[in-house]
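The same chain A turns up in both complexes below, where it pairs with chain B and then with chain C.
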Partner chain A sequence: MTSAIAERKKEEIATPQSGEPIRNRRVFVPLADIYETKDRLFILADMPGVDEQSIDITLEKNVLTINGFTTPNTENELKLVHCECPEGNYRRVFTLSEEVDRDGIEATVKNGVLKLILPKSQKSMTRKIAVKSE
Partner chain B sequence: MDFKLLPSKWLSKKNSLSASRDNSSELNEHKEEHPVYSLQSEMNRLFDDFFRATEMPMLGRSFALSPFTAFEHGLTPRIDVRETDKELRISAELPGLNESEIDVSLSRDMLTISGEKKQESEQNVKGWYRMERSYGSFTRSVSLPCEVEQDSCSAVFKNGVLTVSLTKTPQAQTSTKSIAIKKE
Partner chain C sequence: MFFQELASPFDSATQMQILQDRLSRLVNNIHESRNTEFPPINVWASEKSIVVVAEVPGIDAEDIDLQVCNQTVTLKTKRHLAEQEEGQTFHRRERGHGQFTRSIELPYAIDAETVNASFSNGMLRIEFTRAAADLPKKITVQAS
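Our next item is the complex of A and B:
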């Protein structure tokens, strides 16, 4: 029973998996959609303020880590009077199953949305076995 | 027998306080896993969700009233408002939209951001594992705290963040007036 609002709240990572970061910036979990077609898996992650240069995707064994870095607002003369989008980076970790072809992963970012395309490996796809008559 | 293991003592605060230092740190470590604690946190979450969902102004988080506070639902974009003496800058997070799909309009003292986010999934989707993002049309109106020049409004959309810059009118810039206090 997670309401839409609870989900929309910028959720912060409570304990970073790999040690504490040096810089004291907040880290948020980007909201993601995951769906599959016959031969591919798609991950869409909302990371507003992030462009292709500020995304870091790593794959270690079967752990896919997405890091997105936003540029802090440096215009000091602007005074923040109302804040709903606190500044911070994005981080989300996914564990891939065996069926993903590790070498064919593609990533694109457009309008603050990261799109990951994970092709399924040939061996995991269902094959039809022809039955011969003896 | 360890008293901590008695079911009736599980939730008692006194018990956890009287536990020795070593035990309490151990208890904290396993807090998340402990069935009673997880039940309790789940109950807290349900209550939180309920009060947020019903949008009761006194109980939800909209209690902290600010001139920009809106009752949020689904897609309402989150906004930041920044200002200088001359300028008002409103930025909104709108990931996944094109600039052509966003409509920004300014009436005298109201800025409205609206648009529609379309679901852009591939054809032949076999199954969904997660659906956390929202789709559909949205609108958010912000009442402006001061008068702005109607003609000098500009908007930039970059990486899913819309930034609207508004110039305050000269009257608004100099509208603060100190009031002299007289002694009776």
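Our next item is the complex of A and C:
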């Protein structure tokens, strides 16, 4: 049983919105899962070939930018005869709709998957208001 | 198609392809318009050896099952769903999960004993060397 979603080809980033890169390297949009619980927001992104040293995450106002840099992979004395995963960097930008507790952001990388945990800040969490009878 | 993949990202053919893909996605409103097999692989080859590199993000090394039979390599992988949290709601679900199988036929017989597979950061690299019996031999012609 194969999930159709996983068979998506690497999608290239559209350059006009994010400015043209200086280096002649392709930039791909990593596939991501986003889910949230009552108090936290989770982002999982597939970035094969990226380790904890080569990920750059910034949060400016409510714009979250994930950059992943890969090292070019060449094999000595061998010729590339078939290519389905062209090399390149990763970049994806998300606009967060809720206020996030900046100090509590956690980011981990395992087997080429980035996991971002963004705790919601106290003031944006839903509060139950008790109604008193007069 | 192969040459196009390798071409510079700024040449017109590649740009055209990117635009075409985005347009067809917009028009068809489907996400799976560019299907390809999972995991995607790159193959490097020479007369003596072959290197297959596969992108398998989110898969543990023990979930990779690699088998070589004659000239066919079969790669079986399993990707687990991320752990479920209490009361979670999904906003986006692009990463797939489940079992995947892919077979690759190699151009020549390989030595099954010297296969070297390594795995790091979601990239699987498998190195094959050509079987000694299969290597081309040079025959000297003697003048009689």
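Basically, the second predicted complex is superposed on the first by the 115 of 134 C-alpha atoms of A that agree within 3 Å, B and C clash if a C-alpha of one lies under 4 Å from a C-alpha of the other, contacts with A are read in each partner's own complex, and residues count from 1 in each chain.
Simple rule for what comes next: contacts are C-beta pairs under 8 Å (C-beta built on N, C-alpha and C of every residue); 3 or more make two chains touch, one makes a residue touch a chain.
Computed from a predicted model, the values in this text were never measured in an experiment.
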Clash or fit (per the criteria above) of chain B with chain C on chain A: clash
Partner chain(s) touched by A:C83 [first = chain B, second = chain C, both, neither]: both
First, second, both or neither for A:Q122, with chain B first and chain C second: neither
Touched partner set for A:T95, first chain B, second chain C, both or neither: neither
Which superposed partner A:D33 touches (first chain B, second chain C, both, neither): both
Which superposed partner A:S133 touches (first chain B, second chain C, both, neither): neither
First, second, both or neither for A:Q53, with chain B first and chain C second: neither
Partner chain(s) touched by A:E12 [first = chain B, second = chain C, both, neither]: second
Partner contacting more residues of chain A (chain B vs chain C): C
Common ground on chain A, meaning residues reached by chain C in one complex and by chain B in the other: 1-8, 10, 31-38, 42, 44, 46-51, 73, 75, 77-85, 111-113
Chain A residues touching chain C - in the complex, by the definition given at the top: 1-12, 14, 24-27, 31-38, 42, 44, 46-51, 73, 75, 77-86, 88, 109-113
Chain B contact footprint on chain A (complex, rising order): 1-8, 10, 31-38, 40, 42, 44, 46-51, 73, 75, 77-85, 111-113
Residues on chain C engaged by chain A in the complex (per definition of touch): 2, 5-6, 8-10, 18, 21-22, 31-32, 34-38, 40-46, 49-51, 53-60, 79, 82, 85-100, 120-123
Contact footprint of chain A on chain B as seen in their complex: 45-46, 48-49, 52-53, 66-68, 72-74, 78-84, 87, 89, 91, 93-98, 121-134, 145, 157, 159-161
